[in-house]
Amino acid sequence: MASRRTLANINFSGISVFVLILAAWEASVRLGAITFEFFPAPSAIFAGAVELARDGILLQDLLHTLLSIAIGWTIATIVGVSVGLLLGFSPLARRYGLASIEVLRPIPGIAFAPLGLLLFGFSLQTELVVTVLPTVWPVMINTMGGVANVQPRLTDVGRTFRLNSYEVVRYLLLPAAMPSIVVGARISLSLALVMAIVAEIVGNPEGLGYGIVREQQALHPEFMFAYIAVVGLLGLILNAGVLALTTSLWPSTAPRPVA
Amino acid sequence: MTGQMSKFAAFGRMVSQLPSPRGLLPIVLVLVAWQLLQTGNSPYFPPPSAWWRGMVQIAAGGKLLTASIATIETIVVGLAISIVAGVVIGVLIGISPRTGRALGPLLEFFRAMPPPAIVPLAILFLGYDERMKLTIVAISAMWPILLNTSSAILQIHPILLDVSTSLRLSVLERIRLIVIPSVVPAILLGIRIALPLTIVLTLLVEILTSIEGIGALMIAAQRNFQSGQVYGLLVLVGLFGFVLNNGFSIAQSAILRRWPPRNVQA
Amino acid sequence: MSAPVFECRSASVVLSLSAGPRPIISDINLELRHAEFLSIVGPSGTGKTTLLRMLGGLMRPTSGEVLVKGRVLTGPPEDVVIVFQDYANALLQWRTVASNVAFGIERKLPRKECADRVNDALSLVGLLSRADDYPWQLSGGMQQRVQIARALALRPAVMLMDEPFASLDAMTKAGLQDELLRVRDRTRTSFVFITHDIEEAVYLGDRVAVLNGSPGRIEDIVTIDLPAPRDQIMTRQLPQFLSYRYGLHKAIGYG
């Protein structure tokens, strides 16, 4: 029976451990066993989250972060796929471009934060600088790899059918490289979330990241924890959602067990 | 024989081969053009010569060296702690599948949590000092290593475990001779992921709190509108990242020479 | 004749599954003498692997007992070594061939004696020249020989082999079969050899036991009276060989 099988698949021990820890946390704060000055009970955190949601601040910050991720990730994907296609397609481009990429790639995104602040001050642009620059790489590398895997076989096929370069890219290379591109885009998306939070912590006083810092500096730990929990949940939902969506559209991109 | 190489292995071979130095041309051209075109004293886009001047300025005060040491120290020590903690806890979790299942949702939750989000929490609890910086870096970098280790242990082939039972190995012998060597490739992969994470977090804490380090220098330069220094420090950080990441890559290949070649995953 | 080296008395294995208890093998009675080669044939699903694991001490019999040199088994015994079908995963791929062969004895013997035994074992299987290579650099047949060498280094009384040549090509298989017989002659080890290949069972065995049914039972034990040393071409042509083969086919129900 399908219901019996799904019942067996629910991780009872896992859920109960989770619940147990939350309960122990709550109990120890209430009973005074833990008296760190800034250590709120889960119930206080939940109440804080509800209050933030009711005041609309939470939603506002959430939307800002989501917007930032969306814009940043879109730009990164467009740039990454375009450059990746070029590099995958043309050995010449690789010869005159790969070393530069290998030099630029290790620069951590956070290092661009002071530069962004210098150029744009505390604004969305700074946030985008920090978000876009590191997230270009996974998409670019994966696109390049995906195309290079099917080159030059597929171009030869294209030539046999007398397709011009644009048609080769659009109808042959791009679809063939799609699984790789999708995996790269997935990695970029979770990276974009992290970098947006980073940018909001140091660069742009808006969004969930700023919410965490703001409440930390205001010494409101319950609100700070609430923001952190929302960030964590956002990460889970975003990753799971994108994984489900892309796996249903491109089944070959489902994560494989390692070797 | 492990003769089958998938197309991903070919991809891995391609990427890991050293790229032609001619590939540096774009960067060189940009820098040269930048230098030639920026004759004025633009505060936003100073030419590379101004970067050099800015760096010399900081170095003269001796601050460049002390900051670099502070940053590298945090990265290295933090990574070392995270490796030990990640491997030990990962092995303990991996050995007992029941523990793994019970801790599963908890681990997933921590894995999904972006480490930068925890930094303000660490500041709140541990204050503004070196120990806090090290703690947050070590704890965050632990996760990829822990998760990789525990999942690799679960994937140790049952036949290998049968061999160890059949040869009557003690528990400690089994861990030392079979479990740990089996998961070395996975541990190295986890460290590969953890390394950039330690760099990012170290810089993040330094930028946010101005605790001694390269990040502190960067944010100070930005606040003082020393744009040359901002760019110069950016290049320095890039250099650090390049050396650390590629250095580790080389070490990883050297260590893994005796393991069978794996299929590379995208 | 001396007492049996290996004995199985009314042994059964019953697994407790969520759907209820499931008998895998039932009432197994076997005897193995010094330097004897016992083949066990049977179709898939009759519990051949379970039988081997029980004989090797990896699994306790639910009833009955297994005895090695007269002592009842409570775990993997000293004198018995298992050679698995999956050689790639049974070897330690990160150690050299020589180091793999030493794996069973390195903690029990002084270095010199250990090294001598490793060299002896590798010579017996003809891989002394590859001692410093890694298993993943070797072909399938060679890796299986390394596993056999590792077993031989332990100087066991009994070698249990679980379809060891099943995933190898025909020519490699034939070569290894002959090598195995030569090893038996040189070392006087006893063998329990599990296979689904009837011809292999007859070619190698002094006796052939038929494991059949669900749960698996020993339905018959045939003594193989063929001239020694066996030869891949001559022996397999003999009318006796063909009649053993025919009889076993019928017994298992392949025909």
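As written, the chain order gives the labels A, B and C, with residue 1 at the start of each chain.
To be clear about the criterion, a residue touches a chain if its C-beta (ideal position, glycine included) is under 8 Å from a C-beta of that chain, and two chains touch if they have at least 3 such contacts.
As the structure is a computational prediction, the values presented were derived from the model and not from experiment.
**Student:** Would you kindly say which chain has the C-alpha centre located farthest from the C-alpha centre of chain A?
**Tutor:** Centroid comparison gives C as the farthest chain from chain A.
**Student:** Indicate, using Cα centroids, the chain positioned nearest the centre of all protein chains shown.
**Tutor:** B
**Student:** Per the centroid of Cα atoms for each chain, what is the distance between chain B and chain C, given in Å?
**Tutor:** Chain centres of chain B and chain C, defined by C-alpha means, are spaced 48 Å apart.
**Student:** Could you put a whole-Å number on the gap between the CA centroids of chain A and chain B?
**Tutor:** 18
**Student:** Roughly how far is chain A from chain C, going centre to centre by Cα mean, in whole Å?
**Tutor:** Spacing between the chain centres: roughly 53 Å.
**Student:** Can you tell me which positions in chain A touch chain B when the two form their complex?
**Tutor:** Within the complex, chain A contacts chain B at residues 11, 13-18, 21, 36, 38-39, 94-104, 106-115, 117-119, 141-142, 145-146, 148-149, 180, 183-184, 193-194, 197-198, 201-202, 208-209, 212-213, 216, 219, 221, 224-225, 227-228, 231-232, 235-236, 239, 256-259.
**Student:** Residue numbers of chain B touching chain A in their complex, please.
**Tutor:** Those in contact with chain A are residues 7-8, 10-11, 14-15, 19-27, 44, 98, 101-106, 108-109, 112-121, 123-125, 151-152, 155, 186, 196, 199-200, 203-204, 207-208, 215, 218-219, 221-222, 225, 227, 230-231, 233-234, 237-238, 241-242, 244-246, 262-263, 265-266.
**Student:** Report the residues of chain C in contact with chain B in the complex, numbered from low to high.
**Tutor:** 53, 56-58, 75-76, 78, 81-82, 84, 86, 88-90, 92-95, 103-104, 107, 134, 136-140
**Student:** Tell me, which parts of chain B touch chain C in their complex?
**Tutor:** Contacts found on chain B: 1-2, 157, 159-160, 162-163, 165-168, 173, 177-178, 181-182, 184, 258-261.
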